[in-house]
Each structure stands twice: as structure tokens, then as C-alpha cells.
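Once you've had a glance at the structure underneath, I'll fire off some questions.
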Amino acid sequence: MIIVMKPKTKQEEIEKIRVRLSQLGCEVRDIKGLNYHIFGLIGNTNLVDPDRLLANEGVEKVIHVQEPYKIANRLFHPEDTIVEVAGRKIGGGNFAVIAGPCSVESEEQIACVAEAVKAAGAGFLRGGAFKPRTSPYSFQGLREDGLELLKLARQKTGLPVVSELMSVEHLPRFIEDVDIIQIGARNMQNYELLKAVGKTNKPVILKRGLSSTIEELLLAAEYILAQGNNQVILCERGIRTFEKYTRNTLDLSAIPVIKKLSHLPVIVDPSHAGGIWWLVEPLAKAALVVGADGIMIEVHNDPVNAKCDGQQSLKPERFASLMDSLKELAKIEHKNI
Amino acid sequence: MIIVMKPKTKQEEIEKIRVRLSQLGCEVRDIKGLNYHIFGLIGNTNLVDPDRLLANEGVEKVIHVQEPYKIANRLFHPEDTIVEVAGRKIGGGNFAVIAGPCSVESEEQIACVAEAVKAAGAGFLRGGAFKPRTSPYSFQGLREDGLELLKLARQKTGLPVVSELMSVEHLPRFIEDVDIIQIGARNMQNYELLKAVGKTNKPVILKRGLSSTIEELLLAAEYILAQGNNQVILCERGIRTFEKYTRNTLDLSAIPVIKKLSHLPVIVDPSHAGGIWWLVEPLAKAALVVGADGIMIEVHNDPVNAKCDGQQSLKPERFASLMDSLKELAKIEHKNI
Amino acid sequence: MIIVMKPKTKQEEIEKIRVRLSQLGCEVRDIKGLNYHIFGLIGNTNLVDPDRLLANEGVEKVIHVQEPYKIANRLFHPEDTIVEVAGRKIGGGNFAVIAGPCSVESEEQIACVAEAVKAAGAGFLRGGAFKPRTSPYSFQGLREDGLELLKLARQKTGLPVVSELMSVEHLPRFIEDVDIIQIGARNMQNYELLKAVGKTNKPVILKRGLSSTIEELLLAAEYILAQGNNQVILCERGIRTFEKYTRNTLDLSAIPVIKKLSHLPVIVDPSHAGGIWWLVEPLAKAALVVGADGIMIEVHNDPVNAKCDGQQSLKPERFASLMDSLKELAKIEHKNI
Amino acid sequence: MIIVMKPKTKQEEIEKIRVRLSQLGCEVRDIKGLNYHIFGLIGNTNLVDPDRLLANEGVEKVIHVQEPYKIANRLFHPEDTIVEVAGRKIGGGNFAVIAGPCSVESEEQIACVAEAVKAAGAGFLRGGAFKPRTSPYSFQGLREDGLELLKLARQKTGLPVVSELMSVEHLPRFIEDVDIIQIGARNMQNYELLKAVGKTNKPVILKRGLSSTIEELLLAAEYILAQGNNQVILCERGIRTFEKYTRNTLDLSAIPVIKKLSHLPVIVDPSHAGGIWWLVEPLAKAALVVGADGIMIEVHNDPVNAKCDGQQSLKPERFASLMDSLKELAKIEHKNI
């Protein structure tokens, strides 16, 4: 950690800070520049709170040198983490395809979509039971009944299921009924929820918040990891920008960056990112070639009558044709799909 | 609601959409332009899901004419909502000052700050017991013990207390111990939490999410209002932009805009917005003159040793001098402070 | 164009607007909703200024139905535009590779890089002579001398050259010396410059501004097109977001969107977008699979001693290996590279 | 300047960097941490290009300690710069009011607005002759004729005039006809234009770019200052965010920040920031209380027929009433208005 003192700070104030720093359990070194006096803190600086240092009038900036996350950090865990669910692997050269409707609507609907995505080659079934909707007047999901229908679809197809958890109180039910728990973008910094899933041993898909930095995503993952659950899969799903044509802006550079910084698998959700069905195919293909460990795609047998996100859902035929393209690309990129 | 069809859509597809629209319980009108066929939907369009319409291949855009929130909408409730807490009013020409430390740290600390802000003229005491922190390794608050200390401070000073609720499971405790429940920016779209506080009759301060639009903030408020709790106070606390010098960018234009769109009171948190103590005073004054109904300010007796946000906390003396400036401005602006 | 009147507007004000609208040379239709009165304007609404309508107190919003650009609009020009430069095609299934150093530094340097990128299969040589630098103290380019050296490199390799124009006063020189004129992101809305290049018949690469929407990019292109020059190639080079790890956030969804809205070719600059050399390869590959018509890549024989952007430049060997990957992908995607 | 080496970098690479650094004319110090080796560069690091250092494989980050601008930096010029135009002062406790129409439209219009704003107490007349418009089909200004009409208005009222310069080729005309040259937001990084006005001795208002950081604004100012012209006035006019209700988001925190970092005067343009006339008054008042040195306001005698920006223009009566409020606030804030 680097602490830069304000120019023209009195020697006495500098010494006061030196004393403070030395009480933090780290070694203190310094560099005296022309205008700036700089301290370097050596040791475990994870527990040093930069805000507290900044509260000293003489301190100009505090700069982290080491990343603030530890368990998620590739520096201390160089090999890829591979998450295994019902015999299927995510990460480490395996490209996972998670597909299904935005929300579970009926037994027929989820069964029909589940069969279709399985036939096309998807490895996992997604389906929302609890739905976070911007408006309280929008369809909020079938809730517990949705989970029940998901289980039926799993039974029929053998596909492990992914569904979004929105509150700690539903966790026991999710542990029992769901194979991968999804934490949505809006809950990425719902820390009580993160801690709660961290105490389970369920695989978790953690979606990047709409305006979260990569560092914040990794720190949110660290909340889960620090509780003992190391089955975390990160998910890029678009960030908010000033561009209005697409719902969000898919940040594909985040994939190679995250893979550099962390050993956790990272997947892409092109359906929510663009918000338009005809953007899903090009973005899914791009996700594969930039190095993602999988994708999550919305598929619906009847998008026009879907209870949510119909405009961004693929019909089963289009999904099948996307799978063909992905398989071709996976060969070139040496990924197992 | 306006539905714009894609140019060159076949008549037959247009008729199909007309039939669909007429089944939504609204009246359908149309305008045929040179390249575009446009439908107008008249009636209660709040229940019409634009995404479902967009899933039709012939539909180009769907445009809301009416705001998607109803109970929060000033159109249907022209007079200002005034929230009353322990005889103190927020909204309707009253300027509320909420002050206190970022987090409750000890009995002495909270008592000392509480006395100081009361002496300077604050009407409410803030203090975090449960703290949402970006890193799992940062101080997470005293939790239940913090609430206990807050109660002691209330007893001593008579100031009603505000504290942040992070999970539904702590709600019963908050109903008993706290006068105003705060929902933090990171939980603005934690819908299960919003519904839960909506079922209580506690006043709620709802902070705008880091990248939420004004419309989304009002829809989040609508979640609370729709459950029957109309004691909602909105709070602007800075949005995320590319600017790095300040922690966030305080969006002061949002104040007059929100007051135009909604009847709910709206306050400003200049401490979190800028993230630097010397920005608090100018931004607090600006909040008053743009028409805010109050401010929420971090005050700490010993910022350098604060367990969080020391760098943005005012010392009691500075807070007192800020109060003097605010009182002077309040006179000009005809606000009760 | 749709004009929405404020709720509760008096009939008399509505009639006043109707009269105004009817004077604009368009047909006026209306739809009377429960709270809103809506006008539809039919005809050539490109010349109608929405701001002027909004200045009427009774008007709530003005919504464009038709895109505001005409010549760039695919609606009126369905087939792809193909720009041809020295027998090389950009657009319409051809994938152009433009490569070279950020800036021309010396005869040896530009010759060396030019030979290397040619050998690897690039079709065009880029090289900055006039450099827009954030700091006035950074290297500003060799200016006229740089153009001279570029010409020598073209002579040796036969590669057409691309260089950035920063001011109208240098245009005559560029017309003579350069094959494609580049307008940089910072000058995307330098309208006098756009008009000036619009009056030439030189191909132009127009880079998207750092915070420009796709619509604004197409309107900037329209400035050039409207002057008679239809040789415009658009370039996505990353937009500004809150993410700090990468220099900018490459918006790859913009590629399929632009190709839907416009017939102009669109290329991608992954070097400037990410700002880090190891991001160039994955992003370049992603650009190809999302449907871009080409890429622009920074290559330098000695990045460590480059006078600018060394950190994002590929060495010739890496560029050659990237070309191999691109050729493989081009086969699958049926692109000529 | 701080240079952080990648963890696990070999000693030999570290030594190579040390040698490179020592050739830059600065003193090199180092701190060896647990995982990171850190170099501190002492001396004039303004000429050291961080990108070139980053091009070395072993270098992880390069961190500026000293601000990259020098002449604009308050550190080296502690007292406020005061710009004087025709006996009127901007900066140093003086609050300048610049008002007038978005664009000059006719002799009557500019004369009428000029008289009105003078009567209300404005000190300067603004009026666009060359207009940067997003669409090539929008009114582009009266150009040279507009300058002529501005001069007539100046003659009649004695108000110094401000107008926007869009291209170097018009500079001689502006030097003769205009009292303050405005560089618009879209041209903030049009470096050839900045250099050109830097060679004159005309006062310049430099508007912050739509997505420029405060640091970039100060570096753009540095381009002008470095050429010898120290009459620079900065202008905050709203930045681009995801919020759609307002045209841009006015960044009022930027005012105290800029005044901390620089000695240059800084004014606010609330008309362009919000894009709505009823936002102008609250934002103008807020600008004064956060410490701005002035405001620039659009005023039009007939907004409904204005050739541009009618929706954000104040009528003369409203402007006069705004002036009354500002005078009252100026008294409290000890500003000369």
C-alpha cells in the first residue's frame, strides 16, 4: 500500500502518520520526493482501511498495490477452478451452455423448453421462479410453484437446474431443489445473501452488478469464498452505459481480464446484455472466442406469449442453430462443449 | 402506450398485432405514416408488458407515454407527502437534518456524536449497525449491539434514529428499535426487502442505486407503496460515472425532477456522494437551494479513528458551522429547518 | 414523429399546437388518451426540430419514430456499401486488416513495421503523423514529416496508408498523401472537419466518440455523406464507462446494431479499446465473429521504446499469430480476409 | 511517479527497469514488498510517458503522484486567477453572469435579448454564430453574419460578447469581433484548436467535454496555457450518464474540486446541463453556493420560435427573477455579482 502525503505537509504531521502506520502491523518505508512524501506499507495490508488513513488531513491519496481480494486472486491460486455439477464441468477448458426460459410459467412450457435445449446440446436448464422485476406490477414469478415445476423438468430431462435466489429466507428450499443458485445482478452487493450462500456448499453463479467494476465483482465473490464455499462461477451480463439502443453494454473485455486476475470460471449472459433476440447469436459466439467458460441463454417456445423477456428469447430452432455455430468455434478454440 | 411497427411490415402482421392489442383490455387507435404504422393504446396500460409486445417480429419499439409508477406519481396525488416521525416533519417545506456517524462504534462514541449533532440543531440521528462493505475484510458493523447503543443514544438525546436494514430477517428488530428504516443504495432493487418494509408502517428512507435512473428509483418506491406503506422518503446519494476524483457524482438535478414527478419527499446525502469531507459543506448547501427536503450527513467526533468513512465525516465543529450556513439559506428559501 | 401533450393541458393550448404542427408541412393525426393527448406527425419530419416543439409549455415529450439520419440509413439503402481503396475492398463480406504503429517515428521504424504487417497479411498500413494526446507535454507526432515517411513505406510495400487528420488546414496535404483519412474519436463531432472531408472523395474512417451513442455516430457520418462523400467506414473503439481496469469498454454489440441500422462498413479498434496488448487478440477475434468488416491494430517492432501507446502494441510475431487465428475464424464465418 | 512491478518478476528484469528509469533524468528509489517490487521516481516526471513504461512486460502499473498539469496547477500558483474583460472581472470572488440566446437569429432578436439581459444585470452577452449541431439537417447558425449582428448588439448595450469558435480558420475573425472565445464541449480535445487560441491573448471559455474527467479538462486548459495564453475560464456543463430524464448530469461537485486543484476561474452552464428551462433556476442557484465564479444562461425572447434549444431557454422575465435570487444568495456567499 502506498500513502502519498499532501505537498507542503509539515514534518511533524509526517512523523505522526509514520507512527500511525507503524502501529498497523506492517513495515513502513518511505520515499521523499520534491513535492511529495510517500510511504510504502509492506506486509498484510488487507486489513488496513484506506478510508481511515484518508481521514488524516495530511494524507493526499492511498493506493492499493495488492488486489483487495485474496481467495479469488489467481496470484495465490494459479490453476483454474473447475466447478462440477452432476458430473458436468464448468471452467478449465469446458464450455458450459445453460439455457431455458426467463421464467417458469407452466409444466408444459418448462418441459417443452427443457427437452428442446437438451436436444440441441445444452448442459444445464435455467428457469426463474422468483423474478426481480423493475415494476411491482410486472409478473413476479411462480415462486415456490416454479421451483416445483423446475424439479419436474429436471426429472424428465436429467438436466441440472439453475434458478435465482432473491432472499435468505428461501435458501433452505433452494438448497434442496436447485443445482446451481444464481445471485442476480441487482443482488450482487446484497452481502447478507452472499454470506448465507457462502455457508452452503452449493455452486453459485454470481452476476456482475449493472454498474459494478470487475474488482467489486471479485470482492463480492470473496464474500462467498470467505465463508467456505469455493464453488463460485462469475457471470458478465452487461453494464450500464449511456447507450440506449441496447439494454446494457456487454463488456466482453471483462472476460480475459477476470481470467487474468482470478481462477474462478466466468460465463456470459448475452440475452440480458443486449436485450434483443437477434443480438444473442453474435454475442454468444464472441463470448466463446474471448475465452468465456460458458454462456447462459434465454430460450422460449413461444416468445410472443412469454411472461417476461420475450423480446430477448430465442426460439428452440434458433438456439439449435446457435449451438451448431458454437460447436464449430469450440473446435478451433480447443474448448469442450 | 405507443407501438411502432417496423417499416415494410406486411398488412397481415399489422392486423395480427391489432388483434393482440385489442385483447389487452385497452382501446386501440392507429396512425399510418409513410414508413411506419403506429398504434396508440388507450386505457390502463400499466399491466401491459412492453417486452411481450417487442417479442413480435413486426414490432420496432414500444414507448411508454404514462409513467409506469402510479402511487408515487404526482399526477394522481398533487400535494406533497409529509412524513412525520416523533413530531418532526419531512417534506412540504420542512428541511430535515439527519446526522451521525457512519457506524455505531461504542456507547461513548454514539453518545458524544448524538449530543453534538443535537446541539448543532440536527433533528435526527443516523448510525449504522449493519454495514454493507465492499470488502468482506472491512468492519461489518456491531449489528444487534449497534442497535442497542443507538437506542441508548436516542434515550439520552430524544433524537429519533435512522439505521440501515440489510436483510428481511432483521426486520422485526428494526421495527422495534429504529424510527426510520434506511434501505441502502446497494439494496434499492432488493425487491423482497422492499416488499417486506412495505408491509410495515415504519417510515423508510430509500436510497437511489449507484446506477439507477430516477424512474427506477420511483418504481422501487412503488414496491413499498404498493404494499400499503406510504411513508417513503427518497434519497439521492450520487451516481456512478467515469469521473474518478469523487467517489460518485452527486446528481442534484434529480431533486427538482423528482419533485416534479412525485409527491414523495427527497433528501440528499452529500457525504457518500463526494466521499471527501471538504465537499460536504458546498454540496449540502446546494442541496438546500435546489429544493431538497433534507440532508443526511456523516459526523464523527474522531474521524481519523472512525471504523468507516472517516475521510468523508465532518467533525462536530464543522457540522455546527454548516448548520449555521444552512439556517441562513433556509431563511431565503422559505424552508423550516 | 409523436408529440405527447402534458396531462391536463387545456383544449385551447392543444389547438394552438395543432395549428403549429400543421404549419410544418406534415400531416397531423391525433389520439386522445385518458390523461394524454398525442399527435402523430406524418411526412418528412427530419426538418422538424423537436427542441422547438418542447419549448411549448403544453408539450411533454417529442418522440422520433424515424431515425434522424437518412443517407446512412439502411432503410433507404438496403445493400451493403463497399469501400474500395487501391483495389482492396472494405465491407460486404470482406474483412480488412489495418495495422501499424500508433505513430510514425522514423524511416526505419515505419518501414520495419510495414514490411512485417504486410508479410503477416495486413491489407493496409496505419501510422499517426498528427497525434491527439491528452497532455500537451506528450509526443505530438512528426506531423508533416510523418506523412513523408508514411509515403516512403507505402512505396516500399504497396500498402495503402491510413492516418489521422486533426484540422481542416492539413486537409490538402492529406488528400495528396494518404489513402484513407481517419477522423479520431475526439473529433467525431468536430463538424467543420466532417464537412470538409465530406467535400472530398477520399475514403474516411470515422471513429466513434468516447461517449457517443450509435445514433450520434451515424449522424456524424451523415455530416460527411450529406456533402457528397459516401466512402465512410465507421469504427468502434471503446466507450467510456466506470470500469477502470481497461482504458475503455469495447462495445461489441454496437457492430450488429450498426449493421442493422446502416449500410456503411464498420470496423473495430481493439488496441485503443482495451489499452493493453494482451487484450488485443481475444477482442480482435470477437470483432470478427460479431460481424465487423475489419480491424485496426497497433503493431510496433519495439513497444518498449514506442513514442506512444507501447503498452497496447503487438510485436510483429504476435500480430502474425493473431492473423493466423483470424484466418481460421474467417473461414467459418465466410469472410474474405 | 510510482512504478509497481508484477509479482514474481525476475531480479534481472527488475534491474533492467531500474536502468531504464535511471536514464529518464530522475532519481530512482525502491521499496521491496512481499509480492511487489516498487520504484519511486523523483524529479520532473511530467516528461516520463507511463505508456512506455507499461510496455515493459514486468511492469504492472504506473501511478502518477504529481498532477500531470503544471501551469493550471494551484500547487504552483496558489492565488486565484482573475480574468478581466472590458473592465469586468471573472474569478476571485466575482460572480459573472453571461446570458443570451443559444444562437443569433436576427438583428431584432439579439438586440431585444441583449437589452433584456443587460437590464436584469447580466455582465456579458452570449450568442452562437457557428453552431455545433448533432444533425447536419439542424440550423447551423448564421456564421459570419451572426458575428456581425453580435457586434451591433455589443455596440448598443456595451456588453462584451462571448461566441463559440469551431475551427481554426475562423480564428482571425473571432479575434477581431468577439470578447471571449468559447470552445465547446465537443471540441474540448480538438488540440489544434486549443493550440491556436493559446497563441492569442483573447480570454477563452473552455467547456468540459461530455465524458471528460476533471483531469482531462485541466490538461485541455494546459494546452492553451502552455502556448502563453493564461486567460482561461473553465466551464462545467453536464456530463453524460445513464440518466435519461435530463440531457446531461450537471456535476456540481466538480466546482469545489476544480477550485482545489487549479487557480483558474470556473463557471457553470445550467441550460445545457439539464436541457429543460425549469431546471435552470435551481441549478444556477446551486452553482453559486457551491462556489462557481459565474454562470452562462440561455435567454430567448420567444423560446417557442427559437432556432435552437428553445426548450432550455428562459424568457427575459424569468431571467430577471433568477437574477434577483442570485443577488440575494451572492450577499450571503460574499460574492460580487
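For clarity, chains are labelled A, B, C and D in written order, and residue numbers in each chain start from 1.
The rule is short, and it goes like this: contacts are C-beta pairs under 8 Å (C-beta built on N, C-alpha and C of every residue); 3 or more make two chains touch, one makes a residue touch a chain.
What you see is a predicted model; the values in this text were computed from it and never measured.
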item: Pair exhibiting more inter-chain C-beta contacts, A-D or A-C; value: A-C
item: Identity of the chain that, by mean CA position, is farthest from chain A; value: D
item: Between chain A and chain B, centroid-to-centroid distance (C-alpha), Å; value: 26
item: Length of the line joining the C-alpha centres of chain A and chain D, rounded to whole Å; value: 39
item: Distance between chain centroids, defined by C-alpha means - chain A, chain C (Å); value: 31
item: Chain D, residues touching no fewer than two other chains; value: 211, 240-242, 244
item: Chain C residues within the chain A interface of the complex; value: 211, 213-215, 239, 241-246, 249-257, 260, 273-274, 278-279, 282-283, 285-287, 289-291, 325, 328-329, 332
item: Touching residues (chain side chain D, partner chain C) in the complex; value: 46-47, 49, 51-52, 54-56, 68-69, 130, 132-140, 166-169, 186-187, 189-193, 210-211, 216, 219, 222-223, 226, 240, 277, 303-313
item: Chain D contact footprint on chain A (complex, rising order); value: 2, 4, 7, 29, 31-36, 38, 40, 42-43, 61, 63, 65-66, 75, 211, 240-242, 244
